[in-house]
Amino acid sequence: MEALSPADLQPILDEIAHAMASATDRGEPATYIPELGCINPDQFGIALCLPGGQVLQAGDAATPFSIQSISKVFTLAIALGRLGDSLWSRVGREPSGLAFNSIVSLEQNNGIPRNPFVNPGAIAVTDAILHGLQPRDVLAELLRFLRTAAEDNDIHIDKDVALSELAHAHRNIAMAEFMAAHGNLQNPSALTIGTYCHQCAVEMSCVQLARAGRFLAGFPDAARLVSPARVRRINALMLTCGHYDASGDFAYRVGLPGKSGVGGGILAIAPGRASIAVWSPGLNAQGNSKLGAEAMEHLAHATGWSVFG
Amino acid sequence: MEALSPADLQPILDEIAHAMASATDRGEPATYIPELGCINPDQFGIALCLPGGQVLQAGDAATPFSIQSISKVFTLAIALGRLGDSLWSRVGREPSGLAFNSIVSLEQNNGIPRNPFVNPGAIAVTDAILHGLQPRDVLAELLRFLRTAAEDNDIHIDKDVALSELAHAHRNIAMAEFMAAHGNLQNPSALTIGTYCHQCAVEMSCVQLARAGRFLAGFPDAARLVSPARVRRINALMLTCGHYDASGDFAYRVGLPGKSGVGGGILAIAPGRASIAVWSPGLNAQGNSKLGAEAMEHLAHATGWSVFG
Amino acid sequence: MEALSPADLQPILDEIAHAMASATDRGEPATYIPELGCINPDQFGIALCLPGGQVLQAGDAATPFSIQSISKVFTLAIALGRLGDSLWSRVGREPSGLAFNSIVSLEQNNGIPRNPFVNPGAIAVTDAILHGLQPRDVLAELLRFLRTAAEDNDIHIDKDVALSELAHAHRNIAMAEFMAAHGNLQNPSALTIGTYCHQCAVEMSCVQLARAGRFLAGFPDAARLVSPARVRRINALMLTCGHYDASGDFAYRVGLPGKSGVGGGILAIAPGRASIAVWSPGLNAQGNSKLGAEAMEHLAHATGWSVFG
Amino acid sequence: MEALSPADLQPILDEIAHAMASATDRGEPATYIPELGCINPDQFGIALCLPGGQVLQAGDAATPFSIQSISKVFTLAIALGRLGDSLWSRVGREPSGLAFNSIVSLEQNNGIPRNPFVNPGAIAVTDAILHGLQPRDVLAELLRFLRTAAEDNDIHIDKDVALSELAHAHRNIAMAEFMAAHGNLQNPSALTIGTYCHQCAVEMSCVQLARAGRFLAGFPDAARLVSPARVRRINALMLTCGHYDASGDFAYRVGLPGKSGVGGGILAIAPGRASIAVWSPGLNAQGNSKLGAEAMEHLAHATGWSVFG
């Protein structure tokens, strides 16, 4: 297939943004923390980065939002860079078949989370990075990674969101303590969960997120951040586990590795072709952005970028 | 990436076959039916088909083996052709996070299997095809599909294997009856399971299987069998669910849509590039061919065919 | 405590029957087989037998109803008489914490049901009795046991109910086949489930059922049927497992060993004091007779017969 | 049955103590906290209290041990006295069918523990008592209750054991936090679990424990502590849930309401007849005292005290 040019792609983005602007069933924003529940659900943005360096966008692509669980992709990249394959002694690589915040599989697997993208798995990853450091060091490293990847220094943590998450973190603390009971936590749960809540509160726009995801798309100079072999593996995990218990459906409909966040963002990767970010605050029943998933499906259909042929 | 030529690929296959011939830890052949347990575990074969029509092979690539659950890919293609998306009212599209023969999720999901590749899901697919027909008609259609896809009429069902499976089919009958209790079975369980046991007993060689899988690789004339949109979706299901509770690991290590069978075969698809079949009877702990999975990993590494970049 | 005389007890029964006659929230009769769903829900009966031979009754105590799962108590007594403690290699003695028809614990326990009163456990018990016999022999033995225990030959199986159950037995067949897959079924599932559906279709009135339960109350000549040691153990199982996932609640409210049936009957035992049967077709959320359980609670309160002090 | 006299019973106790002294398979003491793991497993004690005020004993009946989960019976009595039936909005009354420290059912029941004797249930009970108080107040109230019930002021908390438990309390904290996530915790988890670890560290001898249990046996002046109706209900819960996932087996073998602790103690109640305490540190596979359970079975057999006839 011929590579699509920016001139081919911009109308597609515009059409998607136009269609999403008039959608009536937009899902429901997450309400478990007040700061997310009061976001205007009428917003929609999309941005994509191409191998040649172009950045295309449409809709509210410059509006910052809380990336939430999309941060798990970046902490995983950092953890694999720091620990290599030894990370896999602490967390598995299989879809869980359960909700993102289920504790059941922890009991069935002796405190080993199923994969790095369900909450307990991401907590284990953050805990692994934190070992020997202070939370502020880890958060500084994450911001440094994101700013370098996005080539944009204007990426920050929303402290109010972080503190609000921390005030509603009982279930995540439960998971951390359960892992501690099985020897699978290296730091006090308060430190690990404190760090985790701050990492989820990073604010980025679609443009910033798409730029930050370029290292996963294998663009020419991407390997300076993460090796191609590791990128492939992160993409594989995104495809099989990135949308929790709707990962199979995202693979079926969109056919791209992707990671969703409860803030309404989705990062998807078309290897060699594009890094894509969408955002719309309303969620579907599985906790993923409703319009975001539809936009990705539309885009994959229009571009033929599915990894599956 | 430049397409690899047959001259590039044949040495890779030879090297893989050579390495596998000397492997000492070869896993254990399935023993739940006697006919599978008495297969010589020292065998290994690999074959691949390219868009230009070439077929490469190494090792025992011409030896027929029982394709078992790999048949689920073909019955799914037939069922989608016959019923279209209405099939999804009877079976889900998500990884189960459980073993291939677990009945737990059936109870948790009111008799709806998680995906078409776990046993209850494949039974539902076969049941859907069988509706209004006789078992022999369905099996004739399956053989016709396989022979057409492989362009080889010498593909048959091993009756002894089929009857032996039927004699050990209590767990599959249990799943069919459990679905019947939820209104998710259209035929008497004896007919559906009888058909299912015969479909699993199809014998094919690696060469035949790789040829039969070409329609999934999107080769020039593949669309005469199944449309490109449907092919993408079948590939997505193979990637997320094709290796049961080791699907995530296969995606991580190999990065290709694949489907394993308890007979030791694996069919994998490199979209646009190759249809690949491997076979070695010994299984790993998850019930997938041990050397087969290693061979696929080696091949993906050597060719750079991972869909993930 | 002084033993209560018939003159003390009759007014209590009358008061209970009177209260139940005017109850407005009577639960819902089971509907999974048509024959049970069309029973008039306004009926209520109660009967009790005393050590001195007296039989007291009130309400519709002479109306026959389908004893359904109460039959499990009698087949357990027969199986223990025939096999002794070797029965416990096939079925456990613990509450399941799950619904009566859950198949989950079978998978978690390698085909061994949790106790003899959940459906799979009762099926295993019937299967054990059936071994080496024909279904009609087993059913004849059950009727003989019931008629002897009740000293009443007018106890029969309702063939229409039995056939209707058989036509809706998919879930029970699933359980039998699942046990067969684990080597925990000795007969073809069709024979075992056929027998099981007929045993559940025994018709008895409250008077007949209370009389049949006397051997469990340890009355003077009870030991001719079942030894005191075995009676204690059956009572223990009734108390911990007799009301499925509401057994704890029945023990808490009533304090007597009891066994419910989906036909609306309950048999309860006050050791040394009384054998009690109640019947009202409407069921509560746990599948036990709503008014029946309330009547038992009232009776236990009025008599002080709780085994717990 | 005639009441057994002290002269009848003492030889039975002596015989049991003698038999247990020579037992070779004594189980394994709990090792999850160091203080319990270093107890000499050769010890065995038994004591019982009769309605007439007599206290019989044999073996190491005067040696203090850690009562651990037996404390749950007393906190339940205190909580029911303080809150009445409103306690049941926070905890269920059904056997769980799972291990004492399983978190699975919390997820399945929206943070409501199955019963007051599994760990999360006991934590909810302690949390309910703690509300509005300080931990030291609750512990003082528990000691006051125990000392009054036992008529013995020499009952204390072993601070070393309490602190050691607190240092290994991750799993209990996980449960408390999980309940907090569902709004089923009223105090900070650190306070609740701190209190809970201290309550489990109460030290008592068999004689003290049997004396403290008299209020559950319904002896003449027992009602000054807890009403007869409430006593019956606590006994019912002990019988159905007191030995975790071996409760059914204890009911089957012993036939008395009982509560075990991981320190090797068991308190059992023969309503109207005796309050009984045994202790031996080695545990069986279900986490209950191995010789303790055997001694109770022996005693129930010799006395005919089973509540089941």
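Per-chain residue numbering starts at 1, and chain names A, B, C and D are given in the order in which the chains are listed.
Keep this in mind: a residue touches a chain if its C-beta (ideal position, glycine included) is under 8 Å from a C-beta of that chain, and two chains touch if they have at least 3 such contacts.
All values reported here derive from a predicted model rather than from experimental measurement.
Quick check on the contact network: minimum steps from chain B to chain D?
2
Quick check: more C-beta contact pairs in C-D or B-C?
Greater number of contacting C-beta pairs: C-D.
By CA centroid distance, what chain is farthest from chain D?
Farthest chain from chain D, going by C-alpha centroids: B.
Given that chain A and chain D are copies and touch, would you call their interface same or different according to whether over half of its residue numbers are shared?
Same: most residue numbers at the chain A-chain D interface appear in both copies.
Rounded to a whole Å, what is the gap between the Cα centroids of chain C and chain D?
Centre separation, chain C to chain D: 32 Å.
Between chain B and chain C, what is the gap in Å from one C-alpha centre to the other?
The answer is 48 Å.
Two-or-more-chain contact residues of chain C, please, as numbers and ranges.
none
Could you list, by residue number, the parts of chain D that touch chain A in their complex?
Result: residues 102-104, 106-107, 170-171, 173-178, 180-181, 185, 189 of chain D touch chain A.
Within their complex, state which residues of chain A touch chain B.
Residues 92-98, 105, 114-115, 216-218, 228, 231-233, 235-237, 239-241, 245-249, 251-252, 255, 257, 269, 271-272, 306-309.
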